[in-house]
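Listed after this line are the structures, all set down as structure tokens.
Each of the next two complexes has chain A plus one other chain: chain B in the first, chain C in the second.
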Partner chain A sequence: MRKIKHVNSAGLLFLVVAFIMTGFFLLSFAGEKYDFLALLFAVTAGVLMLAVYVILIKISRHADRFVIIVADLLIGIGLLIQYRLNTDNAFRQLLFLVVGIILMFIIMALIKNTKFFEYISWPLMIVSIAVLSVLFFVGKEVGGARNWIIIAGIQFQPSEFVKLAFVVVLADWLTDRYRFFDLIIPMIFVFMIVGILMLERDLGAAVLLFGTSLIMFYVATGRKGAVLTGVGIGAIGAVGSYYLFDHVKARVAIWLNPWATYTTNGYQIAQGLMAIATGGMWGVGLGVGSPKLIPMYNNDYIFAVICEEFGVIFGILLIAFYLVLVIRGAIIALNATEKFYMLLSFGCTTIIALQSIIIIGGVIKMIPLTGITLPFVSQGGSSMIACLMMLGVLEGVSARSGMMLENRMAEIEEEMRTNENEA
Partner chain B sequence: MKTKRNIKTVLILFCVLFVSMSVYLVYTVSVYGTRYFTSPYNTRTEKISNRVEAGKILDRNEKTLAYTSDGEREYSDSKTTRLATAHVLGDDMGQTIGAQSMFARYLLGFDQSVLDMILHPDSTLKGSNVELTIDSKLCRDIYELMEDHKGAVVITNYKTGEILASVSTPSFDPKKIKDYLDGDYELEDGALVNRATMGVYTPGSTFKIVTIVAALRYLPNVTEREFDCTGPLVFDKDTGKFRNGLTYSELTDDEKLDYVYLTDYKNETHGTMTLKEAFASSCNVTFARLAMEIGSSRLMKVAEELGVNKEFLFEEIMVNAGKMETGNSDYRLAWAGVGQHKDVMTPLHMCLLTGAVANNGTMMEPKLLNSVKTASGTQKHSLKAETYKQAIKPYEAEIIKEYMIEAVKHGTGTEAKISGVTVGGKTGSAEVSSNKETGTHAWFTGFIDSNKYPFAICVVCERAGTGGSVAAPIAKKALEMAMERLA
Partner chain C sequence: MPSTAYITFASIMRYFFVLAMLYILVRITVQSVREYLSIRRAKYWVDGVFAATVKFIAPEEFENASFELAKKNAIGSSKRCELYIDGCNLEKKHVVLIQKKHGAYLEVRASVKINGKKHGKGEVLPLYDGDKIELNSVAFIFNTRLKEEKNAQN
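Showing the complex of A and B:
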């Protein structure tokens, strides 16, 4: 039987690991005493990455190598900068990474071998709305948004997981329903989720999910009119909330001129811009900057910190890495053999793409800032685990389509052989 | 399949967004980077300055103006030099923005490569030395020339854009800024403001340079026309509408209360004259009529081309641009056309504009940085003249230059004449209060028409009297000193 060939890319992974090792090696000299822990950390992370790669290929030959390598690179940069900011957080991040990786493998295996995800749309819909609604009453407010919940002593951010659920639900509803009437339920779902997020002041997540839903509607149905109507509703909603909510108005004002309110609202953006400007093209150097001047330096504002220490050129490379991830994600979607998995994988790709655009664009003051994490890099367990789960979806779909394609090829070969025999 | 096509479409959209993000990042850092970095809010430089020995600041003759010794920032021994160069240098406590903060990148060694930083342990890091384009002796002489006047003097080389001298009075002693912050050292009001670059003054008649550019551009044959100045122009009090038929002298005393007027200095009348004579004698009535004939939008368009209402983003120096509003009535437009109403200009902006007139209409980007040398002596940056923009068309510049020379030869600026060279200029006496007892801002902006001494100057003395009698003599002496020192 002929097999689908895949490019061997282990060399790239070694480069990534070497880069991260070098970074930690430099960091180990940063303090007054030599820091052996940094080396230990680096070795652990490096071994983990190599192991993940090997296991991934073991689960399926058709797993996408580039997606995992680029993700490794982003995660590695994240760990490096987190370690430099706060060693304890970095260790916690490593722990979340392990949890996330396990979940990634589980999701990958589920998608590859079962139709599990095709049946959970209704439960996910109900759970998502329920969790976000509960949050509205018992949620803990952090950074102006009420989006944290504490269960059994563990803090987490349900909206991160709702992202994946949201994509699964939409992919299911959009797979083979074309009539307008069929789309009413997913529309109600979208508006409920986005509405609740708006009320909880989690603007970043609201914008992200609304954008994702529009893109998924467009991809699945091709109804330009409907999507444009959606954009229109979004625009009206944006203008409306500008007049209704003071915090939205404040965001726009500080976007236009953060310096006018430097001592209050504009402080974060202004500090971020100064950090980027201080770094210049080549950066001040790892460990030499003053990242802690910026509020939320280790999650929402991590991009400014990276630019300060590694330089604008590295910042551009980081943007390029995300683009590579997005392009690979889209290729996985394009190669999918079933529409549901096509939509599912492209939905996850869209989340990663929009999320990076929203936060990087906000930090560099290209668009108004809405707080959201930078995928794979920001500190935070929920965000890291949710991103890895989406990675699991991408790899799972890649594995599934590869497998289906091979089976199909085998069938064709079999048919040809029988035909030959008959003849 | 349709879905696949749609996915490709969205993917292209993502690519465009990611690429534009990269472009915007580079744009924002290259255009605004220096501003953000030198912002007084940016305390990152302070952190560095604790462990880096900041480099020296020298003038164009390599005279040391600021240096670091035992971790303390020290300045010139001469008090007058310290006061004369204080605003150009700025202080080291973040109270003012000058060379010390604009060039902190070099002074604190931010320009050093990553390799340098790794090879040199923290403590031995030394910043680069920065050489400025100013001549500190010239600044000192000009500072003494200003005596008790509040105001500013700027001299630039209009061919290269170099700032040769920039003095702002009253000044402060950078050595004592810590005492000032502790409350032990008194400063005169507004002493920390660099009036040369940040001081927004009503420009008065010097603004006629802007109006005449617009007149030359939009009014055909304006140079061949004759103008009548028969006393104040009359406007409706409520609507501000121009009453062309009415003559001030023919109004009865009662009627006079019903109108508002555009007057000349001390209500002079100039009779019939050409545009050249009107410019040289600085006739408000003629220029107000021109402004109304040009119209609000066209006047504004020309002013904006000359930098008014714009944001200057020069690499090496922060300069406030002038501002102008033409308002919604003839009356306001008329006054705006002669540099009153809400018009304001900074001395350096006016100096750049005058320099452009002398330099065939080309405005050069102002330069303050002569060279940067690292502690080990490698040159990292050297002066390069750069065109900011072709602000005025060459033939217009030619005409205005001739008129400005005429203004110094036979007009309001005769006090600025220098024997041996041709000086051109424009005076201004800007009214800043309805109280006639308060003196006007005295302005003189001019240039030497010479290849050997391509100097442009702008002098402003606050509430000191007329431009012709107060500012022009100072300009003359300052230019003579510049010729002597910088030949």
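Showing the complex of A and C:
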């Protein structure tokens, strides 16, 4: 039977695991005493990555191997840096990684075998709006944004999970609707979500979801006019929020000249830039830098920490890996056989791409800084779990497309055999 | 504060980390492109693109033998040809059968007959599903799943 030939990438995975373990081996000598726990952590993470790969290929040989390998590399670098910064946080991150992996496989199985996601858009819409609205009353403010909830002692960010729900809802509505009047409800949904996030001062998530919705609208409908109108509305909203909200004004002022308020508001950006400059092209060395001088060094400013210790070249290579991830995500979307899954995988890829651009752009002062995490790398359980769930979507769509393509190949072969016998 | 020995070791290792990342990136890119091409080949095959075959009807020893064609197929008595046929009085490179995305063509290097009509050296002719090609004592049927309008050529 004719089959799709997939490139063997097990060697590449071993390379990635070896790379991560080398980092932990180096880190084990960083303290006053030799740190065996670092090696144990590395072995655990390495075994976990290998196990995930094997299980993924067993579930479906059509799952995209390169997406999971790139994600493993980013997660590995994140764990390495987290361990270097704070051992307890690293272990907590490993735990969230395990939870995220389980959810990833569940989502992958749901997409590969059922049309489950096509039928839950209304409940997801209502739950997303409700969850974000509840934050007004019970949400905890962190870094100026009221976007955290504490349930049973565990702190998590609902907006991270709303991202996936947002993409599912939009993908469902945009699958077979093209007329303006048919799209009023998803437009209202987008404006409500973005509005609530703006009011909660979660500017990063607001910009991210608005940008994602514009891109998804364009991909689904091809309507340049509607999308340009959306960009215009977004621009008016941005200018309006600059004049209406003091925190937006402050963010823009800090971005334009952090050195003017170096000891107060501009301290974080200035310290981040100085850290990157201190690292130079090759970095100061793992464990040698001074990351704790940067506020929020383990989540928002993790990229600056990486550049300080590993260098700017390493930082550029990290961005290149995000680009590979985004390109693979786009290929998965293009190979999808049904429009819903094409939009779903494209939406998830767009979120990963935009999130990376927004946070890295903010750290290097290309755009005003917003408080969102670097996917797979930053410390944060909600972020890690949400990113892995999106990875599950991509793997599920890849598996489904591959399976359908191979079934079609088998049908054609059978037809050819029948025609030959008849002849 | 890390020790001097560690700082020295870490300073050396930083070059390793950057070069290792670069190597992994290059390898992932190369393998990723190969994977993309492999899936594209499968999709092309499903659509019938580059998926034509030839089925021999003469001489007797080749009867009913079927071959999957590559993008470019030289047919002749030279061992360098993709379809090498000896002892049938063929030129070294008698014809070249080329597959494109939208169809297939036959480059005539020596005299051939297509569906009974004679064609001479230098001609380039489109091929359609079911065409019978005769090269002296060798004859085969060209099969493709690509749907083509025979009249379009005329």
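Operating definition for what follows: the second predicted complex is superposed on the first by the 417 of 423 C-alpha atoms of A that agree within 3 Å, B and C clash if a C-alpha of one lies under 4 Å from a C-alpha of the other, contacts with A are read in each partner's own complex, and residues count from 1 in each chain.
Everything below uses one rule, namely that contacts are C-beta pairs under 8 Å (C-beta built on N, C-alpha and C of every residue); 3 or more make two chains touch, one makes a residue touch a chain.
What you see is a predicted model, and the numbers here were worked out from it, not measured in a lab.
Engineer: Looking at A:T350, would you say it contacts chain B, chain C, both, or neither? Reply first, second, both or neither.
Structural biologist: first
Engineer: Taking the superposition on A as described, I'd like to know which of chain B and chain C A:I319 touches: first, second, both or neither.
Structural biologist: Only chain B is touched by A:I319; chain C is not.
Engineer: Can A:V70 be said to touch chain B (first), chain C (second), both, or neither?
Structural biologist: second
Engineer: Regarding the shared-chain residue A:V16, is it in contact with chain B (first), chain C (second), both, or neither?
Structural biologist: A:V16 contacts chain C only, not chain B.
Engineer: Is A:I412 in contact with chain B, with chain C, with both, or with neither (first, second, both, neither)?
Structural biologist: second
Engineer: Looking at the overlay, what does A:I129 touch: chain B (first), chain C (second), both, or neither?
Structural biologist: neither
Engineer: Which partner chains sit in contact with A:A238 here, chain B, chain C, both or neither? Use first/second/both/neither.
Structural biologist: In the superposed model, A:A238 contacts neither chain B nor chain C.
Engineer: Considering only the touch criterion stated at the top, classify A:A333 as touching first (chain B), second (chain C), both, or neither.
Structural biologist: In the superposed model, A:A333 contacts chain B only, not chain C.
Engineer: Could you say whether A:I120 touches chain B, chain C, both of them, or neither, answering first, second, both or neither?
Structural biologist: In the superposition, A:I120 contacts neither chain B nor chain C.
Engineer: Is there a shared patch on chain A that both chain B and chain C touch, and which residues make it up?
Structural biologist: Touching chain B and chain C on chain A: residues 26, 282-285, 288, 320, 327.
Engineer: Which of the residues in chain B come into contact with chain A in the complex?
Structural biologist: 2-4, 6-8, 10-11, 14-15, 17-18, 20-22, 24-26, 28-29, 32-37, 39, 41-45, 47, 105, 110, 113-114, 117-118
Engineer: Show which residues of chain C lie in contact with chain A when the two form their complex.
Structural biologist: Interface residues on the chain C side: 2-3, 6-7, 9-11, 13-18, 20-25, 27-29, 31-32, 34-36, 38-39, 42-43, 45-46, 145.
Engineer: Could you please specify the touching residues of chain A with respect to chain C in the complex?
Structural biologist: Spelled out, the residues of chain A in touch with chain C are 2, 4-7, 9, 12, 15-16, 19, 22-23, 26, 29-32, 65-66, 69-70, 73, 282-288, 309-311, 313-314, 317-318, 320-321, 324, 327-328, 331, 335, 402, 405-406, 408-409, 412.
Engineer: Of all residues in chain A, which touch chain B in the complex?
Structural biologist: 26, 215, 218-220, 222, 259, 262, 270-271, 273-278, 280-285, 288-290, 293, 307, 312, 315-316, 319-320, 322-323, 326-327, 330, 333-334, 339, 342-343, 346, 350, 353, 357, 360-361, 364-366
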